[in-house]
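Shared chain: chain A. Partners: chain B in the first complex, chain C in the second.
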Partner chain A sequence: MDNNSCESSRLKCLFLSWPASPSARLLTSVLPHHQLLLPPLSPLTIPCRTKIQRDYRRPGQPIENKYPLNFNFSKGIEGIKKHFTLMKDEFFGRWVGPEGKPLIEHILEQNLVIWKFRGPESLEQWTVSSDQEIGGQSEAHLKMGRNDNTCFLHGKLSSTIPRDGETRYSGYCNMRSKTPKASFDRKKHYDWSSFNTLHLRVRGDGRPWMINIATETYFSHQKDDIYNYFLYTRGGPYWQEVKIPFSKFFLSHRGRIQDSQHPIWLDKVNTIGFTLGDKADGHFQLEVDFVAVSKDYAHTEEFAYEMYERNPKRERIE
Partner chain B sequence: MSPYVLALLLFSLGLGTTMTFASSHWLLAWIGLEINTLAIIPLMAQNHHPRAVEATTKYFLIQATAAAVLLFAGTTNAWLTGQWEIQQDAHPLPVAIITLALALKLGLAPLHSWVPEVFQGLDLTTGLVLATWQKLAPLALLLQIHPPNSYLLILLGLTSTLIGGWGGLNQTQLRKILAYSSTAQLGWMVLVLQFSPSLTTLAVSVYVTTTAATFLTLKLAKATSINMLAISWAKAPALVALTPLVLLSLAGLPPMTGFMPKWLILQELSKQGLAPTATLAALTALLSLYYYLRITYTMTLTMFPNNLSGTPPWRLRTHKTTLPLACLAITTISLLPLTPAAVALVAL
Partner chain C sequence: MKCARCLLQLQGLQLQGLQLQGLRLQGLQLQGLQLQGLRLQGLQLQGLQLQGLQLQGLQLQGLQLQGLQGQSARSAAQRGALLQSSSQPHMLRNTQHQVIRRFHRSPINDKNQPIPAEFIDEDDNKKDKSLVIHDDLFEQVARETKTKATFNKVVEVFIKQDVRRRGHVEFIYAALQKMPEFGVERDLAVYNKLLDVFPKEVFVPRNFIQIMFNHYPRQQECGVQLLEQMEGYGIMPDVDTKVLLIQIFGVKGHPVRKYQRILYWFPKFKHTNPYPIPKNLPEDPVDLARFSLARIADDRDAKVTVYQLPCTDITESGEEITLPHVVGIQSPSQMELLAQHNPSRPVFVEGPFPLWLRDQCVYYYVLRADPVPPEEKVEEPYDPERSLAYPLQLDLDLDRDLGDEESFDVEDLDEGAVFAMCMTSQGDQAVLNQWVSGLQQNNPILGRVPTLFRLEQGPRELQGAHKTKSDHQHRPDPQTQREEEEDDEVSVEEEPRRSQEMKQ
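Showing the complex of A and B:
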């Protein structure tokens, strides 16, 4: 009965208020329905995905309505200070060298710590999400570890499937870094092309985690392309130093491993994330000391996966 | 890639440029440019990496836009003057539009934004073809049109040398450095175009030689970033000794061949009464020199402290083809004494 009424209301929405053109459909997904009296005639401007990155918005949550503008002087002044400071740093950083570091550092660097958790402000660079966005019951929380020296991701995984009629699997939690931003909220990328290994110091609970790296893409159908590799934690009181060469990362799109693989290009990396989705209900925890990249000269492998010919032509037997 | 397809594409590349060289009709010139664009697209996208596909898409969009504007300007010229000949006197407005279209095709500043991103997405061999062969056809057309307004070409030239020098300063990716270097060198060629087309021809030939030598050097060293060059002293000591000379030739320092076009261009500009232009161009060459010297410093003048796995290989002789690099390096370093002969050759 419930399903029928849901279905009928959905159909009603479809036929009565579904706009015709793609641009209008996009608009209705952004603005609430009552604001849209007439569908627009021309496509409206959309902020360029490759230049601007909004903060993470959980699917299903309404888009933050900026209009009418809430005029707040102190917030405005804070924003001006922050953005102009970033711009000044960028400007003067160019005099020092590429990426704001002296060239000698670029030539000699073999290890670079990207994220280290040394205070509560380091947690603001990370976003935590779980399957609660799709109606699941897992929980995930991020806090500082002991002595404010590590970050502690903990929670409870639950693979109870949300009852919406379309989800078939559930039970995941994720911790993902935010895209680095230059002044005025422009996207910045990490350039890890001098390095070939990911170096982590973690203390897990024995569960298998997955590391996801997202790079900058050009086409919109590539925006969910992520490079993954496994992180098997040992559990126990001892810290674990994990070194994963970037040549081992494989490509997946929306969780599905792709047939045609290629090595990850490290000159425009956006985010790194840790995901747990091992279908085992219960509590979990992961403590991370630092996330670094390093150059291992002994590792000369370019890509770990060979591409075979798919759908080989069968010889005709006569 | 199948060898037949590769042969077809390379043949088409040659055909396109040759058609543009040989044409006296704007339509045929446009056809040659389009054949060039279409032939290099599969070569750029052959490894199917998203970055390569991105570079290919950007390149295609830019070149198609430039070709469309060129066709539009050629048609407008035919409408206004009644003839399609490239070398006949044309109406000034279409000529200006054609100049801008060809500037977009070449990657002259201020229409240069696509060049670093496109080069960054390609491997070094395709980058070499893009930096050398693909510049010939548009330059051939530029040489044939007679721009009535001298300021446009001088502005394009000076802006290119300036932005080519400045843009490459904070780069660590070698392909982007070479992209900005290409913009700067093209700026020099375009500066003297209207005063002495033969000097532009000379500059183009020297540019092709020096850039090809640089690309082949980086290909042999398998380096795409400045710090990758730092360990090449152990892999190929002779190359490490030769590369500074090649790079300084690209920068235009005597006694290398690269000094020849710069010297003659500055002389011509001074003769034409454009001493401030010549001074500015010479000063902007210093910006480019800085990043060439940076590469030289990293590769040759410093010894990277690698004594682990970057150890010297047990055999230094490489199995790769080094003959083209050897010939180009000799040409790049030692042809300055032949300047009078070169000037006489291109003046014909």
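Showing the complex of A and C:
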């Protein structure tokens, strides 16, 4: 399976630790040939936008700036066609309503199916990764379910630690959706602000998974901020409907649950992912029928965890 | 070499592999002496002058030094090479296992000397210059007696050896790694005992600068790692743990903060599993099959039937035949579905499918049918007499708005109905035939329906409609009831099984 991913979530369990890495995001994008005029800086200051989805880069390693050097004419034509079609749809969609839907639908809709796997092209929207990126031996593959109506993620976990002297835990795999793109590869976000529950229909094999939602962040330190919750599968031949309100998602950064918690902001959601990292070595499988969001009027909880300040500054008594 | 008293002058002498026993040297002058692999036993040196002496891998036992002048004597003591001075009055001596203390010397020299606190055997003279690894302490415990008691004993030995607990960080890291071998990784008392290895009150920061600058960072990291291993195994720490942590690291350090985080988040996530697995799963395969079948059936009314208990028979020829257990489950709604099944369409026995219970995988088999094509679907109206308390079907003209639609805009997956599940240790066709004939007692339709087996060697995905081969190979012959021999091997392709009389 194609492993192009931009920082896909690598969570073995909640409590992984990763070495810190500075991010290389600049506010202006400079064309690469200008770079040669500047004295060679450290590779981390390559002036390019990280909108190009690359393979996993281990934190601390230099970014390889590989632009596609082979120019394919027909691919170029196809790309132009695709982007202009998207742009045209967006332009005319605005006259219909926000996000191409009539306004009344956008406001009132109660259930919205985001991903459904009907056909092999739906698998293109997902990226599968495993701990082979860091040198482990787990495998994960994604394919269509038998009747072409579901996606089937399967593979084998192995928690042998890669012997590079700094990794402590291993044995995970992950399936993450790709960031939605507008025309000309601009960033687009999902707007789920009118919903409050995540609704999935899955069929697992009894293993506990974790759902990760990544939102759009402003500061580079927040790049690996992910909101998580557990997905416990029952196993068995029957499908399982899972409803998780968004108020239950807790914040974690690089796999470490954070002290100061806040509810997830749903107006700019980028990706959703499923991770398996229970320490049971062996094969696994997960079938997903659809992923949807819905508005549950009966659910009134705003946030499930306390938001008081965890590390209060001590009051100085003068 | 036996030398009596004489004024011996040795200059530039190199002694290798020398053994001196019962030597008396008086007025000895040694300059530029190199001694390697020297063993001196029962040596008496009087008025010795040593200049520029290098001693490597030296063993001195029962040495008496009087009036010794040592000038720039550097001794690189390594593993298996311990210096002992008879001038120490409180020396421990043991013929077999000598626990030998180091010299009391100035701390400046301590940098060159890694920590030699361990047992030595007299045969075990390791003179290699590798890093000191405390795994050896645990390795020396005999292979067959790796229990909690021996683990505790090793920890106690370490604690008693040195009041300053030199090398406790490495020791604790080694101990954490060795815990699974001794089987104590889920034991809170052992973790508390391991925390006890840390010297108390030494690492507690005393002012705000020390707090700010990560006082004793290595020890704090070690404490955090200990707690992280506890957390990884899901062990909730104790009030003893808290007291120990506060005594060792103080309230303001990372370990106590980690402990607080564990205590905050663990209770929140303890009961999040809607399908919890008990901590101690049953070990008996039949009980385990019961539990897992009840779990996957998702129906409280489903009934578990044990068709065969595991037993080992000895036939007349003296062979041992192990009969596997066969446990099946079926719920009343599944029985109804099976009763409504069209007898001309086959049913399939599929498997094995995996089911994970924490870290154990069990396999189950499924009796199911292909989905009914839409032209054959019969929509039976609800029988109003089925439930007299409330109507099952309401024809209300609800004025539902766009915002009130409660169903998703997804087509329903049409997968075939599942009629029963079973679990067995040996999933070949003979055993599954047993199961199906056991099912036939409650579902007489199985006597008329052809049953096809779709078994695979390894675990396999649950599939929906399998549209390809089954219709070709299936030869419906519901009227005749001929017995057919069954193959005992596991077959990948489907094999038709004639409907049979019930097995006696």
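The criterion applied here is as follows: the second predicted complex is superposed on the first by the 239 of 318 C-alpha atoms of A that agree within 3 Å, B and C clash if a C-alpha of one lies under 4 Å from a C-alpha of the other, contacts with A are read in each partner's own complex, and residues count from 1 in each chain.
Operating definition for what follows: a residue touches a chain if its C-beta (ideal position, glycine included) is under 8 Å from a C-beta of that chain, and two chains touch if they have at least 3 such contacts.
Note that this is a predicted model, so its numbers are computed, not measured.
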Inset, instruction - Give one of first, second, both or neither to describe whether A:73 is in contact with chain B, with chain C, with both, or with none. - result: neither
Inset, instruction - State whether A:308 touches chain B only (first), chain C only (second), both chains, or neither. - result: neither
Inset, instruction - Please work out whether A:280 is in contact with chain B alone, chain C alone, both, or neither, and reply first, second, both or neither. - result: second
Legend entry - Which partner reaches more residues of chain A (counting touched residues only), chain B or chain C: C
Inset, instruction - Once the structures are superposed on A, label A:232 by its partner contacts, choosing first (chain B), second (chain C), both or neither. - result: second
Inset, instruction - Considering only touches as defined above, state whether A:99 meets chain B (first), chain C (second), both or neither. - result: first
Inset, instruction - Identify the partner contact of A:154: answer first if only chain B is touched, second if only chain C is, both if each is, neither if none is. - result: second
Inset, instruction - Please work out whether A:207 is in contact with chain B alone, chain C alone, both, or neither, and reply first, second, both or neither. - result: second
Inset, instruction - Determine, under the contact definition given at the top, whether A:222 touches first (chain B), second (chain C), both, or neither. - result: first
Legend entry - Contact residues of chain A, present in both the chain B and the chain C interface: 107-109
Inset, instruction - Show which residues of chain A lie in contact with chain B when the two form their complex. - result: 94, 97-99, 103, 106-109, 191, 193-194, 217-219, 222, 225, 260, 262-263, 265, 267, 297-298
Inset, instruction - Using the touch definition up top, name the residues of chain C that touch chain A in the complex. - result: 228, 231-232, 261, 265, 268-269, 272-275, 292, 295-298, 353-361, 364, 366, 368, 401-411, 413, 415, 418, 421, 459, 461-467
Inset, instruction - Under the touch definition given earlier, write down the residues of chain B that touch chain A in their complex. - result: 47-51, 53-54, 57, 120, 169-173, 224-228, 230-231, 294, 298, 302, 304-306, 308-310
Inset, instruction - Can you check the complex and tell me which residues of chain A touch chain C? - result: 13, 15, 104-105, 107-113, 116, 118, 145-147, 149-150, 152, 154, 199, 203, 205-208, 230, 232-239, 257, 259, 278-280, 282-285, 287, 289-290, 292, 294, 304-305
